[in-house]
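Should a chain be cited, it is by its letter among A, B and C, assigned in written order, with residues numbered from 1 in that chain.
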């Protein structure tokens, strides 16, 4: 509904222009990804032709090889588990806090908020080894929980920052009408505010997901072979000494993106749900 | 009866109940290592020593880092890289968000497609770009007709890293701004149209001010992230050639994990934090001044 | 119970009874697994994973769990866990460079060798190259049993050199330069390939040239730095000139690291290179290399005479942790893994074992080409430093080499800068007194 300025209906010429620009952008942005897809369907010899090959008979041997590896399947499952948990935990803990920051002028609000920001600014490398030592002491050293917690601490400030912005953007009348209707603060948050903050929630969840899905350093140090995530497992393909396994690397790279694309496809509907979900005016 | 009292308790202590868990997690999991790292930066400690056995060296570690020419060069490289990357990401991201905001059939596909680069595992993306930029069998060079060794020359390597950084993280900005655009009320824009404002004027005078909080969030987040950029540099150049892409994170990584000097690594990381803070404060001051106008 | 000897069964049940009655197992009862921590590049460890471990499990009923990590995480984890005296690690693979800080946590493997030899004389400790033993000895303590030992050797396409008039491999720097120019046919094939990316490959690729010019690095014990005495600069300048002046190096070699130089050889991008001895297997492998069978090998040329030729020696060792509760069983695994037969077989996967019998095995030489050259280079080779401080010094050297390669500085100036940085570090570490 919120069209780019001007009249609610976009004219034909503009539509064509928009489509053309977007297609161009998509091609530019997705070209590397499509190239990776292509590489995953090539044999090793075909990868290194000069000039590069654009047309060839695709082979699925790389995918077969990757999927047959138990360490890949296990790492895939671990990544799913760890990322989902981290996202849910971050949203569950961070969104209510963001709401409090947005709506309640309590004492020390700015200080706490700034503290969150500062914590986010410290390069994670600095806390990596201390975090490992800490987890080691409490016995969490090689578990998935350790990485979930680590990722949550990266995501929480993010969630609070981003969600606070969205909550602040919602009109105050919403809570007023909710309390007139007899809802408690908690009820108002759960049943009125959060549904309307869906774009913000989805945006925050995508950002958190990206963080957890692609992290390498923390997973490498905090997990072991049974609990490692995909980015760590994929280093096995680029092990220096014996030549890079391009087929394995690109095939696994493509397989890794699939769930994320699926999630984005499903989530983007909520990303663009606006105020038109009917809460404000009769 | 029970749920009512739970809810009313929750209501009364709403702020505490919602804010406390966040800080609990942050302090316990992140805060303790953070403090330990701060402590480390003032000691000379090795991993083989017991936790608190490092001898106190005062500011010696910081002095060491600040007098290291590689670190000093890294500051300039990082600041330049951050400015260039964030600027590109913001402009491109805003433009794409505006386009994606339009309700046309099939937008769903475009929206999903333009998020993808962000989700590619950095190693895979960086290695793929390495192939694309390869002088002999890289597609990029084929198109421009030259045989430039992008990652092997001190004058081009940083631009290649910039390109990959923009490619990978513009979707980040797009998502934030798109969600922001979608949360904006449509009445002001429609009113402006009815008043006869052109597309561009409507955007500049109506949409943009309303979008401001989201723009600031995106700007701040991207600045923090790009200042700390690591994955792409690690995978593509490792800081070279001849330290021309040695950003602060890469330097800190080398000191911490290759040289295994955690004390100096901690000092370098905290210096990075200090610089980020200064940037942030400047940022806020500039915003405040503009708001006052 | 068929398949278990009577004795094994009795042993097993006796142990089981003891465990059940006392509630705890004493040190050398059979564990259900051994944990081996190593780096995650599989191919040259293929034999360990797919032959030794299953055979060990079959013979002893103990599973071997390989905890594999990317290189930086591998080092960090070993450091952290061994420092905490964790009993969770039985065996570790370590590289020469890790010798100093790993040594306090490992058994003295001289004793381990003695025990193994007593149990199984066919282990033949004297079959191991002396170079491997020196590389693995820190302060008189042997830190592990050598499993992999590499030297830097010249690989060259024999026919191309012959066609250019070089019947054998160049023996001096000058000859090498002439040969490279003679076989240089840009833009498809260049004369010389090198690993130009600033990173872990930089040092290993250039230092043998510095050694062969009579250059040395430093004496870690006294803090005396030799890097800027002028000789190492000769080697570095020669190396850099091949790229800058003679232009016999593919331009994209500035982005090359381990995998790229292998790929470059396989795609016929260059005619000569000087790199890890074991890469020869991949160069000549018909399944993946366009130039399979074309490569011959020789030790590095010397600056003015062949006798000056010196190679860097690097490698990995298999070691038993002091804190392991299963040291006897770990020893048994080491005995199996490092036995003559299994080490010979590991060459198929790309390993370069430190056994004379393997490297001088005629079949292997006929098949791969490089083993005897590697053995020769190792004999006079200079091992990489085992001292912890070297890690930081190496980073500084990478910058200097990269700057020289790119023509930003001459080798002399660059190495002077590196040497000064080294002295600064040594002073800070208290090694250099003034």
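Criterion: a contact is a pair of C-beta atoms (placed from the backbone, for glycine too) under 8 Å apart; a residue touches a chain by one contact, two chains touch by 3 or more.
Fair warning: this is a prediction, and the values are worked out from it, not measured in the lab.
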*asked:* So, comparing C-alpha centroids, which chain is the farthest one from subunit A?
replied: C
*Counting C-beta pairs in contact, does A-B beat B-C or the other way around?*
A-B
_So the centre of each chain is just the mean of its C-alpha atoms; given that, what is the distance between subunit A and subunit C in Å?_
40
_Centre distance in Å when subunit A and subunit B are each reduced to the mean of their C-alpha atoms_ = 14
_For subunit B paired with subunit C, centre-to-centre distance based on mean C-alpha positions, whole Å_ = 38
*asked:* Quick check on subunit A: which residues sit in contact with 2+ other chains?
replied: 48, 129, 133, 235, 238, 244
_Interface hub residues of subunit C, defined as touching at least two other chains_ = 72, 76, 80, 200
*Going through subunit B residue by residue, note those that touch at least 2 other chains and give them in order.*
47, 136
*Touching residues on subunit A, where the partner in the complex is subunit B*: 1-8, 10, 15, 18-19, 21-22, 25-26, 29-30, 32-33, 35-36, 39, 47-52, 93-94, 96-97, 99-101, 104, 106, 112, 116-131, 133-134, 149-150, 152-153, 156-158, 160-162, 165-166, 168-171, 184-187, 197, 199-200, 202-203, 206-207, 209-210, 213-214, 216-217, 230-231, 234-235, 238, 244, 249-250, 252-253, 256-257, 260-261, 264-265, 268-269, 271-276
_Touching residues (chain side subunit B, partner subunit C) in the complex_ = 47-48, 64, 70, 130, 134-136, 147, 149, 151-154, 237-243, 254-255, 257-261
*Going by the contact rule at the top, pick out the subunit A residues touching subunit C in the complex.*
44-45, 48, 129, 132-133, 136, 220-221, 224-225, 232, 235-236, 238-244
*Give every residue of subunit C touching subunit A within the complex, in rising order.*
39-44, 66-70, 72-73, 76-77, 80-81, 84, 200-201, 257-259, 262-263, 266-267, 276, 278, 282, 288, 290, 350
_Under the stated contact criterion, what part of subunit B meets subunit A in this complex?_
7-8, 10-11, 14-15, 17-19, 21-23, 25-26, 29-34, 36-37, 40, 47, 51, 96, 98-104, 106, 108, 110-125, 127-129, 131-132, 136-139, 142, 167, 170-172, 175-176, 178-186, 189-190, 192-193, 197-203, 206-207, 213-214, 217, 220-221, 224, 228, 230-231, 248-249, 252-253, 256, 262, 265-266, 269-270, 272-273, 276-277, 280
